[in-house]
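Quick heads-up: structures coming right below.
After this come two complexes, each holding chain A, first together with chain B and then together with chain C.
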Partner chain A sequence: MAASPATVPAAAIRERPSWLEPLLVQVAALLLALLISLAIGAVIIILYGENPIDVYSAILEFAFRDATSFGTVLSIATPLIFSALAVAVCFKAGLFNIGVEGQFLVGMVTATWAALHLGFLPGALLAVGVLVFAMLGGMAFAAIPAVLKVKTGAHEVVTTIMLNGIAVSFLAWALNGPLKFTATEGAFNVDLRSDKFSTDALMPNIGEAFGMKPSADFSLLFPLALVAAALVWFLFKRMRLGYEARAVGSSPGSAQAGGISIGAVQIKVFLISGALAGLIGMQQLLVDKGALVQNYEAQLGFVGIGVAFLGQNNPIGIVFAAIFWSVLSRGESALQINTEVPREFVIILQGIFIMTVVIVYQVARRWAARRQLAREGAIDNMEDSSATDDIEGLAREDA
Partner chain B sequence: MFLEDFGASIQIAFTYFTIIYITGLGGLFSERSGIVNIGLEGMMIIGTVTGSYGTFYFSTELDMGVPLGPILGLLFGLLCGALFALIHAVATITFRVDHIVSGVVINLVAIGLARFLSAVFFGQATQSPPGQPKLSPIDIPLLSDLPWGLGRAFQQLSPMVIVAILLLIPVWYSLNRTRWGLRLRSCGENPEATRSLGVSVPLYRYQGVLLSGALAGLAGAFLAIEESQFWREGQTQGLGFIALAALILSNWNPIRLLWAAFLFGFAQAIPLRLDDFFLFAWLPPQFIRMIPYVVTIVAIAGFVGKVRPPAAAGRAYEGGGAL
Partner chain C sequence: MTDHGEAGRSGAPPLVVMEHVTKKFPGVVANDDVSIDLRPGEVHALIGENGAGKSTLMRVLYGMYPADGGRIVIRGEERKIASPRDAIANGIGMVHQHFVLVDPFTVTQNIVLGDEGGPLVHLSDAEQRVKVLADSYGFQIDPGAVVEDLSVGEEQRVEILKALYRGVDILILDEPTAVLTPAETQELFANLRFLREDGKSIVFISHKLDEVLQIADRITVLRRGSVVGQTTPDETDKAKLAEMMVGRPVLFRLEKPTVEIGDPVLELRDLRGGRLRGLSLEVRAGEILGVAGVEGNGQRELADAIMGLRALDGGTISLHDRDLAGLSTEAIRNAGIAFIPEDRHEQGLVLDMTLWENTVLGRHDDADFSGRGGVLFLKKIKELATRLVQLFDVRARSIEVNASTLSGGNQQKLILARELETDPKLLLAAQPTRGLDVGAIEFVWSQILLQKAAGRAVLLISAELDEIYALSDRIVTLYEGRITGEYAPDTPADELGRGMLGGELAGEPG
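Here is the complex of A and B:
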């Protein structure tokens, strides 16, 4: 802005490390949002004549009481980690991939096809093949908005919303046609689904090694999700493409002036995002159900947007955000068993929480930016800036 | 008979048209005022569950019967849609949260809230008791007597279909011939200039978003009351997004929206009646359902015509009056 760039680092170094303050603001904002939403939740609980502390501790207790419980939480978190990573990768490059939902559905279709048709692959190679096809499906579907954006300028938000609708119908068609079960024995009272996969295609359940019962559905996919998070971290911290993506995301003009091909970066980032999105469905496909079923769990791509926001698009933050989200989701059963509050209360709490987080982060960011400007003494010579408008507006409201 | 099926398809198309058109008009008010609203689907979902409950409560519990019960149900859905849209308005206008982010959250929250409300209203999270009362269907004079089964298209229509078509008049007039409409549109084109004329941009944007929620809620209530006569989870089937697609294809113009909504409504209806028609024999019904989305992508990509959204839509307005 108007301030000379040299003053910024100087001022920051004198006080504290430059990364500390944004981090503190973020943590404070997160805690504030948590407090606000727990308070709103408490009001609802009290209306049901229950004690909020009892209800909240029932939710926590249900998630952490033993290894199996926590394993279940981690299995719920697994698809959310993939989903939020897919969102975050695009977000860092200034792209909003609302199509994660559609890419995940197409990934399930291609993975199902692979699981049913690549049986010639020996042993565990089949599972690998299925994962690769899931990623390819997601990538192919992510390539459409990417290419349209680069070639025609079509905004990715609109195209991906439309592609989500297409993906829902595509999956319905696949399940009614090419992927429909062929083993008809006793099938007339079976819900519409694909044939069951062979065990080689499934993800091995590794819960026993951690003292969990098989019902936790804790499989190799969770460590894979952690690996994905690490890779995304590495991409943005250590790789050229990650650097270029961040440059395109924060300042397309300077990125182009610096010799970065914006279009190429956007397409690559979208493909990576699509590959991650393709893996979202693997928990239900290869661990929970062992087939593609008609009443599959949808919306995971949208929940990922919320989780990515909670984690502030940071891979480590995303892992914790996904686990936190899953602790709440698991709490649904706790409510049903232990309290009069309907289990759907948890979904409301999640919704209130994510909305509060979004708003509090936004307010905190503006507050931090204003403080920064004030510290630089830049406000005086920025008559027309948004910052002074804000302050005028506030002053008027106060009056 | 093909013509008879065709007539029946048109009749079903009118129902979908009503949903898409009313919701699309909602999106029109919001986006012309400068607030992108991809939360239409969520607002519609709230309209379905509350509209259904309103009808249930007023007709059965309070024994008001038809037509008062369903009418109050529709109005209850409208009111709750507007209330729910208030969240989007506060987030995007007062707190300047990114419009897309807020819209996504709105859609997520709506699914959960609908389940919660349903548990509170009906004691079960996924559906209401079936067979609730609806408005008496009407036959359109003259048109319903058309020969060769074509009259079928204009028989047994919900009165709301007529209301939806007539909505065009007040919407077009208020947007294009009143000071209010001019100001609302200018908030979406150039908020800074609008403010310099002493108009409160946030005030108009709040009105735009609340209207969008009210109309989406009404459309949702229509879906639950008039089309299905009960509420169930997943009832909207992405119709809110189809309304968004129609809005884009219409270039944010209420008259063109009428045609786009009917076209997309027809695409929804075809698989229900015409799937044995020879043209569709090789085209699975699921692919017909993709048509609205494909058409919109083609339009957005600029292969046909030119799509021009309101200039300031989606951009945070930094002027005074909001936090």
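Here is the complex of A and C:
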């Protein structure tokens, strides 16, 4: 065989690791997107007659001024990490789990039931039982779209969106029925809620060890979220299931011809995603409130889609993306206290940021595709390279 | 092979001259001081192995890549071509392998798209213009037909008409026959002759040497980014061209090893379902059975059925008398069938995964490569990959790069390495050399013959008669989902052709 000019037997060369360059490109793209969106945000701030630097530094200061502030940021980030991981796990297998929101709500219901009915479990085992039930609830609700997809081909986006509505009603029903408070001593319960959980069911607050005040709500859940991220990383880098899931996600035909059962992989992945989604509500249930309340914080499952995207479905990226997101979210309070800019500015900024990242990543991806294509020497053979589609696409657009 | 124009009207001044064109990519010189000229009224074939630089050169001409050196002279004037738009303005059009047509639009709507000439589209006028244009070059096409109803050959005609509608007189065709049936290829050639008569200059990129010899007026051979020779069909032949391309003599007929044909390994009885309508055959140990047929007669369904990728309505599949019906693909693979799929991207490789991840696909749950707990043994998998990549001479930067970065030939070698490593009882090879250049074809063929030499059974499904003849011990023809005849390997092609078109089933004498 004649060698093409630049290529040599694969085994002969060890070079810098293949993950390094994509990572650098990604970080650079993210920073660029941040600069662009901050600049657009600055225009809006100026229109409000404020100084952008003051506003941005107020947001930053609020997040980083002391241990308690940062602890609060991490507490807000905790559910977002679980949520984004749940989205990312499915995404890697080519599935769009829009039902993370519903799975999270069902997880709160089953966890509440466990916290109120598993009191016979000794000590901290109760808390463990509650977490297990949260995951089981999420898994059970994720199993529905998974089985529908595998058995009938119903698209998971449609079924999960519909199931989200059912989950909202299910939670409302549970709060009105089986989980409705029974204790009336003390005061009137103006809002509908469950009974308070026993302290054994709650997540221990560990903020004190890091010099945070209890108000930071910094609990064992944050390290648990980091563990979950590490497990997801391990799943996709080192485990058979993760390997099969990635193969199914990026080339179902080749995966199937390689003997992988697509349906079995999809169901397993959906269940893992559901288990992670079930943990989203634990911060508010077991740390912030100590009960299931009517005005619970919703939408966390949807925010996870954005955070997963920012983290590019990479567990490590997701942790940082979630923290970044919660710095902005916490900034809402800073704006209210320190500036004339309405708090909704933060939501606008988050939206601008996501859109900028979409655009910048896309541009960076094409740029990287060109570079890789050129470097790998698959030049004359572009019909065989997936990267060429990008190039040809570009060329067509030019034409 | 008598069909050549006026040798490119050698008296006329060239339409395009590319002089000393150099194109570098980081670490690669794709075109090294390449000079070439295109004359009016010629079909100029550009041939070379994958990676030789032929597409790159034409992409430079079409404005998709800036050249690092050299100049382009069009009709006597030096021009800078910075984009495909510039190229079209200079009368240069290119038809890529992958068509970009809007399926629900009509032929005319696709052709005028982007060149409507104003906010209002006079479709009936445009349709008339398209009709005149098509007729003048002998293109059989209905301007009002919807693209999604067209055959691949017709879609290609639309792409060519799109370029002609914009007034180009230099037409670059990148591997135009790769997607065509033999009959469609002949029709394309008839169209190209019309264009040549009209003084157009056509660049024909290909590595199908028979076709090049048939249609080209001049042939330029590239190897490793440089021009290694220029010739005409009268001065050369297939073997000489192949040697120029590869740099060494290429065997078009490999020595078939003599092996005793043993007991039946695979037996198919009355397979039904989808396009399969009662297909039966058997393959014996040490035998290569060639299944010849025009594509679309059940080849894909046959391969999928054997691999358990498609449910059947009836019939039995047995391997060494073991019934494979209803088994999972995984179990069928474990029973001893190795599979080279007809579409290596869709069924062979996961392009977004690394070489080492691809080498273990299908074996990743062997005890050697993952534990009971489901953890992959990365070190062992990478050792396997390193060994296979060396053994099969897969050329890549490292085993950590994605399979998408390999050339087609190297992708196919990777699949061969993976599949043959398992010591199969039967090799199922579907269109194993599709889209490969001569050097890679020779490699794949020799690997298939090695399987025979090792006493394994091989079921070869191919639409290329060359391939069927080069490898098979026995040939069967497939037509509309069933076997229409069995032939010795020295049967003349026209007799095989009758079988491929139905044979006695169609009521003709067998």
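In this text, the second predicted complex is superposed on the first by the 341 of 399 C-alpha atoms of A that agree within 3 Å, B and C clash if a C-alpha of one lies under 4 Å from a C-alpha of the other, contacts with A are read in each partner's own complex, and residues count from 1 in each chain.
Simple rule for what comes next: a residue touches a chain if its C-beta (ideal position, glycine included) is under 8 Å from a C-beta of that chain, and two chains touch if they have at least 3 such contacts.
This one's a predicted model, so the numbers in the text were calculated from it and none came from an experiment.
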Request  = Could you look at A:Gly306 and tell me whether it touches chain B, chain C, both or neither (first, second, both, neither)?
outcome  = first
Ask   = Is A:Trp113 in contact with chain B, with chain C, with both, or with neither (first, second, both, neither)?
value = neither
Ask   = Does chain B (first) or chain C (second) touch A:Ile161, or do both, or does neither?
value = first
Request  = Could you tell me if A:Ile354 is touching chain B, chain C, both of them or neither one (first, second, both, neither)?
outcome  = first
Request  = Return first, second, both or neither, reflecting whether A:Leu148 touches chain B, chain C, both chains, or no partner chain.
outcome  = first
Task = Applying the touch criterion given at the start, work out whether A:Gln256 contacts chain B, chain C, both or neither, answering first, second, both or neither.
result = second
Query = Following superposition on chain A, which residues of chain A contact chain B and also contact chain C?
reply = 386, 389, 392, 396
Ask   = Can you list the chain A residues touching chain B in their complex?
value = 96, 98, 148, 152-155, 157-159, 161-166, 168-170, 172-173, 176-177, 299, 302-303, 305-306, 309, 342-345, 347-348, 350-352, 354-355, 358-359, 362-363, 366, 386, 389-390, 392-394, 396-397
Task = Spell out the residues on chain A that touch chain C in their complex, using ranges where they run on.
result = 1-11, 13-15, 17-18, 238-241, 243-244, 246-247, 250-251, 253-261, 371-387, 389, 391-392, 395-396, 398-399
Query = Where on chain B does chain A make contact in their complex?
reply = 38, 87, 91, 95-97, 100-102, 104-105, 107-109, 111-113, 115-116, 118-120, 125, 238, 241-242, 244-245, 248, 284, 286-287, 289-290, 292-294, 296-297, 300-303, 318-323
Residues on chain C engaged by chain A in the complex (per definition of touch) = 25-30, 48-56, 59, 62-64, 83-85, 88, 96-98, 100, 114, 174-175, 178, 223-225, 246-248, 307, 309, 328-330, 332-334, 339, 341, 343, 345-355, 357, 361-362, 364-365, 370, 374-376, 378, 386, 389-390, 393-401, 404-409, 411, 435, 439-440, 443
